[in-house]
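Chain IDs A, B, C and D follow the sequence of writing; residue 1 opens each chain.
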Amino acid sequence: MRNVIALAFCFIALAVLAPILAPYDPAAINIPNRLSAPSADWVLGTDALGRDILSRLLYGARWSLGLAFLISFLGLLIGTVIGLLAALGGKWVDWFLMRATDTFLSFPELVAAVVIAGVLGASTASMIFALTVTSWMRYARVARGVGLSLQSEGYVIQARLAGLSPLSIARWHYIPSLLPSLTVVWTGMFARAILGISTLGFLGFGVQPPMPEWGTMLLDARIHMRSTPLQMIWPGLAVVMSVLAINLAGDALRDALSERVQDI
Amino acid sequence: MLTVENVAVRRANTLALEGITLSLAQGRTLAVVGESGAGKSTLIGAILGLVPCAAGEIAWAGEPVRTYRPSLVMQEPRRAFNPRLSLRRSVCEPLVAQGLPRDEARLSRLCQGLEIQPDLLDRLPSQVSIGQAQRVGILRALIASPPLVLFDEPLSALDAVTQKHTARLIAELQSEEGFAALIVTHDLGYAAAYADEIAVLKAGKIVEGGPTAAFIDRPQTEYGKSLRNAAFALGALEQVA
Amino acid sequence: MTRVVFGLFLRACVVLTGAAMATFALLWHAPGDPALAVALARYRTVVPDAVLDHVRAEAGFDAGYWPAFWDWLGPLLRGDFGQSAVTGRDVWPELVTAMSYTAPVALLALGIGMALSVPLALLATKRPGSWLDRFAVAIASLGVAIPAFWLGLLLILLFAVQLGWLPAMGARTTAHMILPAVTLGLGVAASLTRIIRSGILEARGKPFLPAFLRRGVSARGVQRHHIAPHAGVPVVTVFGLELAFLLEGLVTVEVIFSRPGLGGFLVSAISARDFPKVQAVVLVTALIFVTVNLLIDIIYRALDPRIGEQNA
Amino acid sequence: MTIMVRGLSAERSGRTILYPTDLDIKPGERVGLVGASGSGKSTLGHMLIDTLLAQGHSVAHVPQSPDEALDPLRSMRFHWQEAEQALRLPADTDRRMALFEALRIEGGDLSKRPWGWSRGMQQRFVIAMALLGTPDLLVMDEPTSALDPVVAAQMMALLDDYLAGGSTALMLITHDLGLAARRVSRLMVMDAGRVVEDAPSERLLTAPQTQAAQSLCAHRNWMKLPC
């Protein structure tokens, strides 16, 4: 548990400290040095335009992790509001919002994101929009489920009978019960967002060059796969390591929470 | 004075309750006895305003019951408390909600009456026994001095000895505080020992009702008789020569 | 049961209608003048305004939102997906061709996933916490973290470029199917292993199992007749997720293997802004996805009727 | 043959929840095991069953709730046939009907799954399965707590009639001395993981020795009524 969280924090630290750690400007083109193998000067080698891969990887963490955080957090906000409205808004609001959720789930999320980002035109903004509108549904389902079960929970009924205001009931009883399960969903969606950003980048619908983003780097590297295969390894490894760290942190969190629930 | 007149409650196209008429005066105890599925919990929900009535009137002193903030003691004591909050916080919730001052003297008097050690309130619900949790549940129900307290199977999660002990504590507090108690239970023994009146609920209707002694002595309906016989057969009531 | 199935069917119809509306709204609000894009793609040169107006009227772009929506929906309901905005050829036959390349790969991938995950999960749960179990969990965690396109590129690098055992690009022979199917199959196997494993562990904790052993039922009988069904029921529901995973993977995997399947078809249609093709892929995918999920819901309720009764 | 076990004990996470206990139960004897919640009664019941099964005795256990005895995905017929096969008994409709009639569940639809039956009927079905092999000992853990009083009283009466005169011994585990006192001839009182008192019912009810037994006796019913 500790190790996994430490690993996840390491990635975040690398992203934050990129300007200090990166040996070169990630956008500095150096044609004479293109496609050079790893060496003392260029630890991981250079790409087709002679840019330092290590520097691009470090700056790329800012894009991949930062945007994934933004996207999963926006999804969390939208989904929680929709889910709670469905749980508490009465039969028809619930029906409408849940059918809307089903509609968004009627399509594999990442494929929908590819279509939306592609149709709206390849740019970072349309990528953020596309990944956000396809990422709120799980939060909504979880929030609705917890909301509905809380409504018949003894302590919520007691609070209502005591005459506690709806705001206080939300503050003291709903939000503390929702947070753990939503956090677990959030870690999963954070990891999915990293995968989504790199997939869209790889297809050319995401972060646009010359910004260093892991998926876009893979797209560039793919062309020179036969001559310099190592170029292709690093960005992929970065994606896998960060997704793995976040997923494992999420698993550990879920186990810790379910143990606490069992204690109760 | 609680009056329930000709109340009906609809649940998924069938009547969960029909033609319910009851009355309960200040300081008195009414037991509603019946088996699971008879509509006991629905009746409590209707009185508390949690379940809408399809017909009939429910009032306390001629006004809606909700304005008097009746309180409820639940069957599962642990589930009645937020697992993340200390028992003290939950107990004081009615006072906070209704803007009442926290009367430490009253709190410690009630704690004494319910045999609750003061430090117990600083624990979480998961850190106390079920019997203790139920006594704290009763404490919360009484803290804001409501005129009416509803008990939904208050003893069925407890073991036989704790049941009798808790029932005695409730009765003692009732004579001090003077609240009206409506007890819903499947245990005719408990009703016989502590209620002034008994109403028998079966399939959403009251099939028999009246003073406790008269009912135990001579139930009028077949169902009433079978309830009474079962209480003897299971040792809840005992005949002595 | 009939009522439940009918209710689920109605719900699927509502969802599909919603999906159609969302698709139309997206394409309608797409930036740029769609007529200009179509004309540029079709004539490959700058065209006079008269031609643009013609294209606009032909595609129904000049009507308002709702008239255009109904004009769009009518032919779709009759199964007419219209013509490509670029080539002018019917979309439907091209779509069928694309699906004929995609379906075998998807099925093969699903087969590979099942063939790997079921034995691995069974071995892992023989002794929970053993090195084998930890190994299975680690492999599965790694598997779900690898983006399909990167795994595909690594496999190309190893088996096509370095070893030269398998062909990588195109779809001429059956051998061309192997690498893409393995790429997707490994991902399916990883997520299925996790789910089957936790399903078995959860089924083993059911509170009624000790009573069966005390009644004299053999451990084997309990395993087969009581643990297996309880572990199996949740796995059924997961196939919807696996289908989503496959479709998501296909988009990139078909691109890197240059397969003319549904995924490649979609990506090239988006890049060419050929909206009739895009909407055809989107709606057919939604139809398949919703139908499969409807079937899963029905099977799930047939296996464990308690769920149906609770919802009804 | 008298059932004898020696030195039953149990620990949970390093804490002793059952101290070494010896038990002798004569054929056809009715024993009540009574104690407050958490005194270790159910643990003793489980240990007793598992030990006797390991010794090759024919014993049966009826858990507190039918949810702990029946698989919700399997039909009642499947449960019954499985129980017959486990005891290596040939399928016998007459024997089944005799048991079902004795427990008044002959009207139950065997093709349904457990939740298609009422809880009272489920509980009696579990008892019928337990009686199938005419066991030397039947252990019932809080048999009435999941049932409504009328159904519970009926079930106990039917069981009494069925067991009368047979050689099957009964151990009734309950927190309710009032219930046990009416059904058993010998009472064992448990407190904090130990059997603190073991006496014929009459003697224990009139002259309880330990504090645990005294408390149980004092609270064994709600009211005493003159005949």
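We take it that a residue touches a chain if its C-beta (ideal position, glycine included) is under 8 Å from a C-beta of that chain, and two chains touch if they have at least 3 such contacts.
Note that this is a predicted model, so its numbers are computed, not measured.
Trainee: Identify the chains adjacent to both chain C and chain D in the sense defined at the top.
Mentor: Chains that touch both chain C and chain D, as defined above, do not exist here.
Trainee: Check every other chain and keep only those touching both chain A and chain B; list them.
Mentor: none
Trainee: I'd like to verify one number: the distance from the centre of chain A to the centre of chain C, where each centre is the average of its C-alpha atoms, in whole angstrom.
Mentor: 21
Trainee: Centroid from C-alpha atoms only, then distance chain A to chain D, rounded to Å. What do you get?
Mentor: Computed from C-alpha means, the inter-chain centre distance equals 55 Å.
Trainee: Need the CA-centroid distance for the pair chain B / chain D, whole Å please.
Mentor: So the centroids are 31 Å from each other.
Trainee: Given which chains touch which, is the overall layout a line, a ring, a star, complete, or other?
Mentor: It is a ring, because the chains touch in a row that closes back on itself.
Trainee: Following the definition at the start, I'd like every touching pair of chains, please.
Mentor: Per the contact definition above, the touching pairs are A-B, A-C, B-D, C-D.
Trainee: Write out the stretch or stretches of chain D touching chain C in their complex.
Mentor: By the definition above, chain D touches chain C via 46, 49-50, 53, 60-61, 63, 67-74, 78, 82-83, 86-87, 113, 115, 129-130, 133.
Trainee: Can you list the chain B residues touching chain D in their complex?
Mentor: The contact residues of chain B facing chain D are 35-36, 129-130, 158-165, 186-190, 192-193, 216, 226-227, 229-231, 233-241.
Trainee: Which residues of chain A touch chain C once you look at their complex with the stated criterion?
Mentor: 99-100, 102-104, 106-111, 114-116, 118-121, 191, 195, 198-199, 202-205, 218, 222, 225-226, 229, 232-233, 236, 239-240, 243-244, 247-248, 251
Trainee: Spell out the residues on chain D that touch chain B in their complex, using ranges where they run on.
Mentor: My answer: residues 36-38, 144, 148-154, 156-157, 175-182, 215-216, 219-227.
Trainee: Quick check: in the complex, which residue numbers of chain A touch chain B?
Mentor: Touch list, chain A to chain B: 153-155, 157-165, 168, 172-173, 176-177, 263-264.
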